[in-house]
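Please find the structures below.
In the two assemblies presented below, chain A is common to both, partnered first by chain B and then by chain C.
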Partner chain A sequence: MNKSILKHETRSMKWILLLSILVSLFLIIMFSIILNEMYGRMFVKGLEGNTSIVQNAFRDISPMILILFTIVSVIQVFIQFRTEKDEEIKRFLESLPISKGEFFKVKLSTGIINITLAFMILTIGIIIVRMNNMFWIKDVYGISIISEPFIKADGVASLLKEIGIIYLIILSFYTFLFMVQYTFTNLVGGIVTGILVWLAPGFILYTSTYILNEFIRISALYDLTNFSRWLIPWLYAFERNTIWIYDGNGMVFANIKIIENLEIKYIISLALIIINIIIGNKFNKDSKVENENMIIPFKVIREIFKIGVTICSGLLVSIILNEIIRIEINNSIYILFILLGGAIGYFISKKITKVGIR
Partner chain B sequence: MIEVLDVRKDFGDFTALDDINIRIKKGTIHGIIGENGAGKTTLLQILAGIYDTKEGKVLVEGEEVYDNNKVKHKIGYVGDRNQYFKDYKIREIVEFYSGIYENFSKTDFQIYNKIFRLNLDKKIKQLSKGMQMRLSLMLNLSIRPEILILDEPTSGLDAIVKKDLLDILIDQVHERELTIVISSHHISELEKICDEITILNKGKIKYQSNIDEIKENVKKLQVVFEGDVEKEIHQLENIIDIEKIGSVYYLVTDNYGEVLIADLKEIGAQLIENIGITLEEVFVYTSKIKEGSGIDE
Partner chain C sequence: MRKVIFILGALLILTGCSSTMNIEEQTVLVEELGYIKYNKKNEIHLEYALEDQMYINDDMKKVIMDISSLKEKYKDGIDERNSISPYLEVYKTSVSKFKNVVFNNNDKLLDEYFADIVEILDKSIAEGLKDYVSDMKYKKLQPDEIISEKIGRTLVYTENRSRGAGNSIAIKVNFLDIKNDYHRELCNEIFHDKYFLDNAIMGEEFSLIEFVDSEGYYHYSQPDSTRTRYSMFLKDKEMEKINILIRGEREADLESDDIYVFTNLINTLELREDEKELLLNEYKNIFNKKLNKKKITLDNYKVFINFTKGNLYGEGSENLIYFSIEKYNLY
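Let's turn to the complex of A and B:
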């Protein structure tokens, strides 16, 4: 690793590192406040057993972790690519005897390390807060009919698993935005498009099966609509299975909500990270300074962009008609509106992809 | 040795360079002259390995430049606009360079800074265009390159610094056999330091020669004829410009010799006087060829 490039990258990362640490500390404080509130409530309402306290508290802050670190990822990508998007800087960097791969490697490593550091601080903080609260949580286990499931759900291993999936979701989102920067020459345009494309597969599958369901009602379509949740990794941390807990008489007396299909979600997130890095590296190697005027330098991406925008525009019109305006119209007119939406999307995307092509 | 072989460069439908062939010997200074938009900067950026070529190749000691870090280590590039990281202080960009180029010498940088006089604690964004040019020159000289590519290096420099720079360049060529490729709009400066020049016009080589050959072949003649020779004079070969002031013709030729003298005498020349020509005039006249050579009166 070239020390000048490493120093340059870490230099731009110092503020985002500070922000990430502040976010982690904020989340630890929030976790602590939630547990303290539960502890305080105990004095008012009395000791209430048969519940997983730590897990419930973590479930309250997990959307915050996801949202805040998504924002951190966006800011991080912005800061990392801010200077390199300048035409003259690109030429300057290209004239240096450093390979594009080296720049890519250093930039990506510093980005991943920053997010990892922030999550390490968050994890350590949450474990410490949990430890500090165990003195009263143990009392709760003591009055529970069956305490083992709650002890397990509140254990460090369970916490690590839940933090782990959020960490991987954030990394897959970050590496995706990182990859998109090598396919878009405009920094903000790349970030905005990246976020939309991140959501697009889920939106396309959900909306298209939903529309088809209006015409042909078969159960396979319902399954496909459900499957669309797999295409939006942000949802991975929130979809939970309820595990019912029975007493000695076979009667349900409590439940624990755990993230379902955690192993598959880990595998998908990891695969996404690897795919994003491989594609990003490929586009980085193929990029040329002379194409810097084009908003999307690669032909294959221009075509995907046009197709994607066309499909999404058509589907967006259908959702507006169905869910927002809610008007009863003839099927043929409905299809015509969808086609019109698609045509407008195609026209706009074509204009965008032509920017900078001489 | 730098070899530019059949290079063509397109930007979409626009051809910036076409059929470019140049051979630059080690330890020489090669000037690139051309109007705005002639393709000078594109050519220099290809030589520096910034742009790839559509056709042809650029070789340095037999190795391609583009995407070749080994070759790029030997090349210093000073662009017409030198944009470094704006938030860096000068001493930080010096550190950056020293980590990138294995031959970078901080001692050399300090020596050059005695001439170019920059405050090392100033940020890049605080520097004027001329100061940025000074910085770029100092940095790229301090990497001790084998090849130095300079795109309008004197723009923004004051007269004293300009002279110092040209002296440094000549010294480096003599001391280290540095090869310099330089473009400038100040052709008189190039005339003083260049061994060879290439004139570009609309992406093609218009004229290519060494300075001595140019001075030998390209001449401006003051000629007085006996009668009216307006028709005959146009039929002469190797005349690239004709100007008539009163009864005196001023002819510019790119192939001066006995044959031309004999041809002029044959159509009635009574007085032929060589009045000398500068490189700047050569550039102007060779550029005028495309516009047709009517008589300017």
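Let's turn to the complex of A and C:
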């Protein structure tokens, strides 16, 4: 790895590293506050069994972890590519006797290491806080009707699995934004488009099945609507399956919530990360200095962009009509509006993709 | 191309490993829950565990029936949906409905009904309640002042926030007793009617019995008072662990009842005289310490004291003191 590029990258990363550490510390404090509140509640209301204390506390902070690290990823991409998008600097960097691949590797590694470091601090902090609270949490298991499921749910292994999936989701989002930067010449445009594209597959499937459902009602459409959740990795950490625990009479007395299909979500997130890196690397190699005036330098991406914007605009119009304005119009006018929305989207995307093309 | 194949291979190995690990562990969790649900041995244990650890004794049943009979007298004035009236049907409902019931005089329409309840309680489980309630009704109180008093088996708390004339008075009473004879006797020996029984349940490992002092029994009492809760973990006839949970300001003082109860408690444990004295001194000076944690090792027990700052329900900052005495190798 080239030391001078590494030095250059780490210099720009030090502030984002500081921010990531602060975010981790904040989340650890939040976790500690939640557990402390539960501890205080025991003083007021007494001890309650049949509950997984650590898991419940972690579930309260997991949306915060996802949101804050998503923001950190966006800022990180912005800082990493801020200087490189400047025309002069880009020309200078290209003139150096260092391959594009080397730049790509160093930039990507520093980004991933930063997020990994922050998650390591977060994990260690959460485990320490858990350890400090075990003196009273153990009592909850002792008076539970069945202790083992709750001990397992509160165990370090369960915690690691739940933190692990959030880490992979964040990493897949980061590598996605990273990859998009090599297909867009405009930094902020790339980030905004990246976030929209990240959500687009889920949005397209959900809204198109929703609209089709207005015309034809078949169960397959309902299944497809449900499947759309798989296309939004941000939701992976929140879809929990409730396992009911019954007594001898078949009555429910407690439940434990575990993340649904965790192993499949791990595979998808890992696959996304690797695919993002491979595609990003390919676009990095294929990029040319003479294309720097174009907003989207690659033809294939330009076409995907146009199709995507057209479809999303049409679907957006239908959602506005159905869910926001809630207007009742006949089907042919409804379809006309959708087509009009699509046409506007196509017109705008065409204008954008044409920028810089001679 | 070779690189792509290498990465894909690595991906397969990595994801293969992680998925196997997760599937196994997740399945174990589900299987164990299934096992608990269907295994005969556990079913018997669970039925036993779920059985209520509290019951209503015959004297209390009479009190409940007397209160319940008021339903007929006030059927036109009382809204069935109003939670003020525990129309107590002893043999038809779960005993948990009779745990920590509150009667109050907040609704003007129910003044007579409330007076009748006071009369019944005064004649049975709370001698002197009627006179105390009539004294407190028009007593001059500061806007935020709360006065609480234990009368017999009831806790009466008076506040200056009634919508009608006079103060707001609430009477809290637990109609339940501990079902296990040995445990009931043991608790009588420790608490001597100074504290209130708050809860009794049975878990897989221990039976839990919780007692609270008057201040602790009333959740919203003044922040400058101390509130004490005793959580006792019993296995058959053995006291395995006791948690004494105390809330209060740093400079607060324990009341004489608290010291009395604590002394009774340590007398029931297998402690030497010097160990008892040591624990009593620790307990008496609990609010004077500037510590975060303390561990004391005794012959048969280990003692752990934990001090934390708490801010519960916006009542201001107070100390949470966790004073636990547990047998060795408990967990």
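Observations
Note that the second predicted complex is superposed on the first by the 355 of 358 C-alpha atoms of A that agree within 3 Å, B and C clash if a C-alpha of one lies under 4 Å from a C-alpha of the other, contacts with A are read in each partner's own complex, and residues count from 1 in each chain.
Here is the rule we go by: contacts are C-beta pairs under 8 Å (C-beta built on N, C-alpha and C of every residue); 3 or more make two chains touch, one makes a residue touch a chain.
The model shown is predicted, which means the values in this text are computed figures rather than measured ones.
Residue by residue along chain A, chain B and chain C are tallied for touches, and C comes out ahead.
Once chain A of one complex is fitted onto chain A of the other, the partner contacts of A:I267 are limited to chain C, with no touch recorded for chain B. By the document's definition of touching, of the two partners only chain C reaches A:V44; chain B does not.
Of the two partner chains placed by the overlay, only chain C lies in contact with A:I146; chain B stays clear of it. In the superposed model, A:S4 makes contact with chain B only, not with chain C. Touch criterion met: A:L96 reaches chain B, while chain C stays clear of it.
On the chain A side of its complex with chain B, the touching residues are 2-5, 7-8, 83, 86, 88-89, 91-92, 94-99, 288-290, 357-358. In the complex of the two chains, the chain A residues touching chain C come out as 36, 39-47, 49, 135-136, 138-139, 141-149, 152-153, 157, 161, 243, 245-249, 251, 253, 256, 258, 262-264, 266-267, 270-271, 274, 278. Across the complex, chain B meets chain A through its residues 11-14, 45, 48-52, 67, 69-70, 72-73, 75, 77, 79, 81-86, 95-101.
Touching chain A in their complex are the following residues of chain C: 4, 7-8, 11, 14-15, 18-19, 22-23, 25-26, 28-30, 32-33, 36-37, 42-47, 49-50, 198-199, 201-208, 210, 212, 216, 219, 227, 229, 231, 233, 241, 243, 245-247, 304, 306, 308, 310-313, 320, 322, 324, 331.
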